[in-house]
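The following block contains the structure, expressed as structure tokens.
All chains are identified by letter, namely A, B, C and D, in their written order; residue positions are counted from 1 within each chain.
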């Protein structure tokens, strides 16, 4: 059973927490703790022996922690996710397969596409696909349609699996630290459109991908996971796009797995990841 | 200040430990804990605020831990090391430079070579070099000479930095979990002599290096760090040797840094590394 | 258009080959050449401007090359492949998706499983699945059933995508350099069964995967591609299996892509890969 | 013996080149060829059997190549290099050791520092160190002093091994494609000063290093080699600096080795690297 805690730091926090756990006769199998000393913020993730009375434990922990502490005892182990997609299938297909074989660590509720291209793939895995075109609509209208679909589902996380529209601050504000995007470069290099074209023109020897939480600043949100792979002079832009797809789905998969396992904390536009 | 603890596991250990720390008004800046559930062994490494009365703290911790617990409060931050070498310079030179600029995390006491080749390099960095040839001696005589030099120095760790003699169980038994070797393959592949020749003949596409503690079983001791790099059909044995040197010194450097920072625990022929 | 050549080496081969190409007014866009000087074998892969009269060109090249030279001008760019599987889906699903979106670089003819588990997945992508149980049959009977299905299809390569039966020398002999296997370790470490269990028990800090051509020696055939990823003390055997699946499908995918693009040559139980 | 050729592309170039080699009875052991089809530029690197009459061969090759072709037959296998440094020792010490053991692939002529700190290290390896402070001088005066030292030596390449002054276009113009710099980020991320501070503030999960030729655009020259390593939330700026040093010296070492082996071509602000 997992317990995650985030709060202001003070002396003796671990002692207080572990005393509570000992009182409940829980054994700590694995523990990760970190203090951001600049921001005076405390983060902990514990794996403890299973226990039924989650509410009492949560209350007891709250009692020894600073005000406004975030405490989650046995956070939903079956998180609900919705995907936003456009035309590219590689991240979606990876997630569909994992969802199908129940190795995603979450349940895919539905997929929303602003193009109809990926409906066929979702159909093959019996996952509902909602086609919401953006043409001839204001951003507000478009996003209201997205929201009404989302509201008809349970939602823990919204995953932009190569979704090629920029969302408004109003929309993003409805889902704080709940929207995860895969960007096709090793940020902060090549922010914005056509990163592979930029990479080709610069003649880089590495390309990469970045999974991050979405904030109002384009491609500036807290980074969860990044990876790079080597390229060389024989790679044209198309070759980089092709090679990049491999790493995009791998990086997104790794990032969301960490999030679904409650290993990722957000603080001050950065993440703490206990991997 | 670092505290490392290894002992049999039981419920409430973290609570007991952290209560002691809170009583001493110490704040836990960072904590890593792990339980080997198969072996029922508990491992913890804590970074806490600095504190002078180390002995009282150590005694208080011992008091709450199971018998035979290993507890080190502020373990020697200036560990003493001796290197054994033969002819190859790449691991030695890396360590000599770090020692010279005090970034090794330890103090190099001296270097012992069974060939005289590397004396010049040690001289250049004002590090004592002892030439102990192995020819025309029994292994026991040779090792007794090594031991008498070692005994004239302080020693925390003995590092085999491409030392090409096999040490006897009797010698190894004098330095339990204190001898670190760099083996030029990704163990358990290519145990024993000429791993690059074996790798060339097998046509592998990766070569690697392994840093491990030395036990009586050749190349079978607890592994600390391993890395691989890619090779291809153009690599002859010599090219593999050359490429391998780069990774050997990198792996050894990474492994001993973890050991010097008290991040490495040995249990049941394996290591726990809190990196 | 691709041209691949393998033959005994002699002085002037590139001159002869490129003279032929110049006579046909073909421009060499990219060329890779390698001579295995120990084995006196010549390998070349050329990308040249497109040309229709493939037969004349092939004949002209044959005319300037040593006897028994292997020359392929514009080798089948749409190779036909059949997969053998057992129960694990991760390599199969990766290949099914690529085949579906025509990014595999080959055409998947059908899938044969010795268990029925993966029929559902193949059905979802409209790829024929043949269930051929091995129980209550001699190996010869079982393999004859495989062969009769294979013979009803076109075949360039047979891919063992986590196929958990050992094939007989007689069967393997029917498909020389045409059978590709993914082994779940960085060979030659952990040959044979349960490599992750072996890896866990040894306490390695890396696990890997190897794609190789299948020969009569178990896990001893020419290696095409290998990769490793890091693991640590928190990984039990199951965690290694899970982490390994990610790298297995990545390595197999990379290897077969190189094979399908005619970048891989086999010689003397090794491969030359022009990547 | 190595031959490198760079020129405008045309049909039949390889045929012409290889005919010349065959006429001289030279066997091609290994050949890499690449055409930049956008820029219509031809690049080739050949390893051929050894041959004494280099001038005749060079002349014969010139005769069959387009005007202005660059042809180097057996380019200086003992290249002369000078290092510019400031205070950090890690790249310098790596190069000093390789130079000392003659595995650098070049001869280090001398080291020039704008601070005196690294004189001691150069003295230990008997390599001349010139202290040229930049204080109280115009950039022109400072660079004239550098130039007068350089002119007293032979020079193929000038290596900026953590040299922390920006050179003027006039100075750079004197050494076209001869100045190699190591930049402590994965360009184009974090151009300019304090890249690790920028990286820490952005919360990246990767840091990197880039070796590139120096042009008049700061950190914008042709990239030779790049690598990244992972970092996490526990890394402060100082930890990133420390981790970065490891990769900086590795990347610089790899880049200059490729340059010294005549594997690197510059064209259109990019490089072709036949590695």
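The rule we apply is simple: a residue touches a chain if its C-beta (ideal position, glycine included) is under 8 Å from a C-beta of that chain, and two chains touch if they have at least 3 such contacts.
Just so it is clear, the structure is predicted and the values come from calculations on it, not from any experiment.
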Interface copy of B-C among A-B, A-D or C-D, judged by whether over half of the contact pairs recur: A-D
Result of counting contacting C-beta pairs for B-D and A-D, higher pair: A-D
Rounded Å distance, chain B centre to chain D centre (Cα mean): 35
Distance between the centres, which are taken as Cα means, of chain D and chain A, whole angstrom: 40
In chain D, residues with contacts to at least two other chains: 30, 34, 234
Overall pattern in which the protein chains touch one another (line/ring/star/complete/other): complete
Complex contact set, residues of chain B against chain A: 9-19, 21-22, 25-35, 37
Residues on chain D engaged by chain B in the complex (per definition of touch): 30, 89-90, 93, 97, 100-101, 103, 121, 124-125, 234, 242, 246, 250, 253
Sites on chain A touched by chain D in the complex: 34, 36, 186-190, 202-206, 208, 222-228, 230, 232-234, 269-273, 275
